[in-house]
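Look at the two complexes coming up: chain A is in both, with chain B in one and chain C in the other.
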Partner chain A sequence: MKDDFAQAFKEEAREQLADLENSLLALEESPEDLGLVGRIFRTMHTIKGSGAMFGYDDIASFTHNVETVYDLVRGGELAVTRELVDLSLAARDRILAMLEASETGGAVDAGLNEQVIDGLKKLMPDGCRGEQRPAAGDDRQAGGRAEAGGRDKGGSALATYRIRFRPEPAMLCRGSNPLSLLRELQELGNCTTVAQTGAIKTLEELEPELCHFFWDLILTTDKGEDAIRDVFIFEDDCQLSLAVIDDGSGQDEGGGYKKLGEILVERGDLTAEQVAELLGARKQFGVLAVEAGILGPESLAPALLEQQHVSGARRQRQEQGQESASSIRVPAEKLDVLVNLVGELVTVQARLTLVAQEFKMHAELVNVAEEVERLIGELRDNALDIRMLPIGATFSKFKRLVRDLSAELGKEIELTTHGAETELDKTVIEKLNDPLVHIIRNCIDHGIETPQERLAGGKPRGGTVHLSAVHSGDSVLLTIKDDGAGLNREAIRAKAIERKLIAQHAELSDKEIWGMIFAPGFSTAAKVSSVSGRGVGMDVVKQAIDGLRGTIEVESAPGRGTAITLRIPLTLAIIESLLVQIGADRFVLPLSLVEECILLSREQIDRQHGRDLLQVRETIVPYLPLRRIFKMAGSPPELQQVVICRIQEKRIGFLVDWVIGGHQTVIKSLGPMYQRVEGVSGATILGDGSVALILDIQAILRGAELETDHSLGILSKDDMA
Partner chain B sequence: MSETATAIATAASGVQQFLTFRLGEEIFAVEVAKVREILDVSTITKVPQTPDFMRGVINLRGGVVPVIDLRLKLGLTRTESTVNTCIIVQEILIGDETVVLGTLADSVQEVLDLEGLQIEAAPRIGTKLNTDFLKGMAKHNDGFLMVLDIDRIFAAGDFQSEPELQGDAA
Partner chain C sequence: MDQDQVLVRINEREASTDIALSGPLTVDRIEEVRVGLLRAFALGKSVRISLAAVTDVDLTGLQLLCSAHRTSIARELDLRVTSDGCPALSSVAGVAGMLRHIGCPQDGCGTCVWKGDSALGREAA
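And now, the complex of A and B:
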């Protein structure tokens, strides 16, 4: 059990540390933000507290020192400097190292720890360096009080107040309306009101212009006492008594509240002696008190309400406590198993649908099959959704990378991000980390120039790396853009020729030139730096992205920068697709790219005289006859269908024998034997047990474009080898 | 027989078990330890733009398994489907990866024990076959058995798509 807790501590500590890193980096940008300082302090405090609780004394005592520093910052005694952030980040790394050492049983470099602590101590103003802070001076106290007040106002603690509001009788004559005051109070939080009508006289004696009421209120609010007093700010002549009866700290809570007798004593309606006297009897206390004539019913009602109100508020708070535990941690493997099972289920369901179609007369079976289909569809969406994570966590890791690397290389680079909330399958995000690191390292090392070079080029000193994520159909587009020097076309070309990737005089398009950077071992860096230039990098990126069934595009303009766009499918498990047939073989196309399907008769084909073009309404759409591209035997039927897809803003058709319909495709790998096959990205199993291939239509299009280039003599065959 | 049992038998007596099958007129043998199961030929889905000997993929209990035409790989004619044709599913090492794949056989014969000494190196000439893929030959009954080195057949890495179709892999 203890191990479980320790494991939970470690996991949480990791999250806290990641959070801490983000806060620190943000603090560096806006050093004045006291909210961030508070957050950092709290994070440190949490790590310290839970560390000590689970026996990580080294972490606790180390963190204590850092926490002390941030307490000073919070009190305004210490300014946020780059040095402080540096040291704090180093401290954060030390905590992580200690955490990891405790897992592996290794030792931590105590020297490094001390360095960090010493550094932090040097930052502290004189007199604060000791472990024990000296007795606080006057202004320190004032600061402390201001801070406490501040916490009250913005604080989140719920407290319950007992308020008695007795308006001055002539209040109504002045045009004040007690009801609006009460309404204002009710807006502050959960409010229970009792109107006291005891003072109302009989009709003959009643002065209609005077207020004869007074009110007892029990209010649970997080706004603080001042907010309550503010409500009555203009009612100086009224009597207002206000007391905190439950400060929300959760202490001495048993879920209930005080006994009625205690409440009445506290409210001053009864004395302790009277209560004690009555307690000897057996009836409900409140009833007894009224019967005994020492307590009017008007005093009993608010006291009873107070009892109900406060116990209600406490119960609610306990429920909220349970609610925060309504998200649970589940090992990732369990989710993977679940998703695999759902994948199997989808395949079986396809078979069921097929069987149901065969026995169409059996309406019951068809109904059940449809019901199952709907449920499995929902189950699949939910199961996949569980594995979805926002990519933001990955983004924030890069902030640190950029900060450290740019400092190491003497460059001034800022990382901006967009779309951190974009969600991707967890397995995809994990596999994206390394390629993104490679690309960003390249941006920093090769892309962005030194401040001197930038100034000479008429650019601002600091460079920017912009990381953005955005949904696009069943994919996410990740763009890594820098405003650096851009790719050097000639250098890449020369290197490609040197490495015999292209022929001496080959004329290549920009796209093809940029594609060269993904060749294995390709690097134009004149010297190998510690960061990059060894030529292991972009080919690894390409491999990783291919493995994710993603694509890479490079755009670059000299002097203006480079943008690398990765198109990554949302999930590696199941996709919506369109099932088509060519001859006896069936293929699936990703539905997200499909725009429409159009019939094409042989007559229409003949009319084009060998051109693979199609007129769709007012536009001309080129199409690729898949039967011919795949060199499949047999002849096509009289009436074929063209599936029109949108690929990178181009509309392009794919000619197939016929379109069968939508299909939920559980993606299966074809294994290493078919790894290098262009045009096919995987396989899936159909309802009848046969295998259909998943077409990579972007690769097919690329292949066709290249072939056209060949046949037009733009490229000689040697160039491609 | 399980792999460990075979290994124990081998260690004890130098005897290995082989599955024999027919490709055309010739009888071939593969180690039983590598064989997972034998299937009847079902629908094989051809993957476009792959060499002829890669016949395609089949559904093996929800997994996708490639099927190879060994006859073509060894320089014989294409395997034609008959009642006796079957797929021998084997576990093969490609690089460091164990890959499950099926090879087509005209018919499966028997499982027999061969002693290490019985297997002799194949002569370079006179077999009409690409001897690179043979472990050796063994005498059996009146004829010869060709003992296949199945890992080596697929180690060559030439099962990838034809070069001109690799497109802009650069």
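And now, the complex of A and C:
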């Protein structure tokens, strides 16, 4: 159980550190924002408090120092400077390092920790550098106020109090004013005030300078009982009764409150017997009690208000509770197991559908199979949906990257984002991190110019890297766009010729030229920096995106910048696919890439004299005969089928024996032995229990292009003749 | 007129006695107002009190109005109090918890001045 709590602490601390980083970056932009300062302080305080609770004393002690600094900022004793933000970010990194070291058992660089703390202490005004300066709200301060019963009299929990305040009659003559006391109470929280006027007499008998009122108040506040009593601290002669009628801890009250009769008995206005007697009649209880003459309206009014007030407060709390209970924390592994199980279920369901087709005469079996298919389809969609996460958290991480790198390179770069709420499968998001880092580093290092260069080019000093995400069908389009110098077409072309990637006089479109940057080891950078320029990166990006079954497109304009668009599938677990057969083997192609299927007869093939081209309406489409590529024995049927796919704006066909049809493919990874097999990205189990390989058609295309030494997508006119 | 001086102006009409109060309705002058109100009730007609020119109200002012209401019930005379949105009254009545849905124990005829949506002082409360 202790381990569970420690794990929960670590998970929450990581979230808080991510939040802290965002808050610090925002504070740098808005140093006057006291709300952010408060937020940073509270985050530090929480990490410190929970760290100490779970035995992470090093984290608690380190964080205490940072918290102290922000207490000074909060109190206006210390200004927010770039240096403070730098040190705070460094402190945040040190806390993360300590957290990670606690998981891996590694050592923490104590010297680095000290450097950060020393730096922070130097920022503090003289007299504030003492080691043990307690931060405001420190647990040690609050510790002495905790009540034995567990409820903190000093405040924090939202509780509702019933207060009766009876001032001393001559209070007004002494210059005291009960109204100011009432105002103070009302400022403590949500307060319902009822003046009791029963003691006021007619004009003949009234002593007008004396106070004949008393008050019943219902107050919901998190300030605690002490704060209420403090209001009356100088009013010794007043009568004050105070009772907690709702301590805010009840979770099962269902948003309601006591019945009116209970309240009146509790207040001493009625006896239980009187209540029981009245309940026999079928009228509103309060009306009955007043009618019976046993309860004055002056007693009924505050009781009714108490009922309304507490019910309202509880409803509000319940709504807030429902809000916070509307999400629960579940370990990611459990979700992975769930999705795997759903995958198995989808496979079994496919078998069931096959069996049902064999026994078509059993209408009931067919009905059940169809119903199961529908339900499993919904279950699959819901299970996959659970793993969907907004990409915003990943975007936030890059703010820091852009800030630190641009400072290192002496550039002024702002990161802007759009579509942070766009959701992607958790696994996809995790795998996207590294490619995005590579691309953004390249934007900063090679794309965006120095402030001087930008000014000379008539651009604003500061550059922008814009990250955006948007849904597009079953994919998400991620665009990384900078307003830098753009790609140098001639330099890329020259490098490609030098590296024999293209022929000396090859005529290439812009897209094909830009595509060269993804070739292994390709770099046009004149010098290698610590950031990039070694030519390692963009090919890794390409591989990673291919691994996600995604595509990359580059657009660039000289002097105006570059945009790299990644099309990423929403999920990696289950995909809609097209099942095809070659010989006795079956294969799966991602349906998202398939445009159409065309029949191809042996006669049509013979007419092309060995060139793998197919006339589709007005256009010529090249195709790859998979049987030949896979070196499969046997002869193809008389009539084959070409599955035409669109890959990076090109239409390419894949020749197969038969197209079986649409298929829900649960992706299974291949074992380590087969992971490097080109052209196959995974496998799936079919309804009859056999295995079908999932084709990586982009890799097949690349392989074919390398083999034929020219791009299939850029056929010359001669080829088409 | 002295700003601190409460003025009680009584105007006897055929069917009612009108009382216009002006200045502060506070503890310092409250006895003076009480006497004025008693004089008005002594005429035996319906009483109409206008608070439109009142500049300040404290608790004694509020309880004096309750007392006048009780007097009207005891003497079986109609009482009508108008404030024309007097801001001093509205804020004090709200803080003091005067605004209510049920009248006081003496309010058998439902004429409580603090009761209902159009009650005295409810305008800005």
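Here is the rule we go by: the second predicted complex is superposed on the first by the 362 of 721 C-alpha atoms of A that agree within 3 Å, B and C clash if a C-alpha of one lies under 4 Å from a C-alpha of the other, contacts with A are read in each partner's own complex, and residues count from 1 in each chain.
Everything below uses one rule, namely that a contact is a pair of C-beta atoms (placed from the backbone, for glycine too) under 8 Å apart; a residue touches a chain by one contact, two chains touch by 3 or more.
What you are looking at is a predicted structure, and each value in this text was computed from that prediction instead of being measured.
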Touching partner for A:L455 - first (chain B), second (chain C), both, neither: neither
Which of chain B and chain C A:E678 touches, first, second, both or neither: first
Which superposed partner A:E204 touches (first chain B, second chain C, both, neither): second
Which of chain B and chain C A:M53 touches, first, second, both or neither: neither
First (chain B), second (chain C), both or neither touched by A:L639: neither
Partner chain(s) touched by A:A79 [first = chain B, second = chain C, both, neither]: neither
Complex contacts: residues of chain A adjacent to chain B: 344, 347, 501-502, 512, 515-516, 518-519, 585, 629-632, 668-680, 683, 685, 689-693, 699, 702-703, 706, 717, 720-721
Chain A - residues contacting chain C, complex: 172-173, 177-179, 182-183, 186, 192-195, 197-198, 200-204, 206, 208-209, 211-213, 215, 217, 296-298, 300-301, 304
Sites on chain C touched by chain A in the complex: 27, 30-31, 33-34, 37-38, 41, 58-60, 62-64, 66-68, 70-71, 74, 92, 95-98, 100-105, 107
Residue ranges of chain B touching chain A (in the complex, touch as defined): 42-43, 45-50, 54, 56-59, 62-66, 94-95, 97, 99-101, 154, 159-161, 163-170
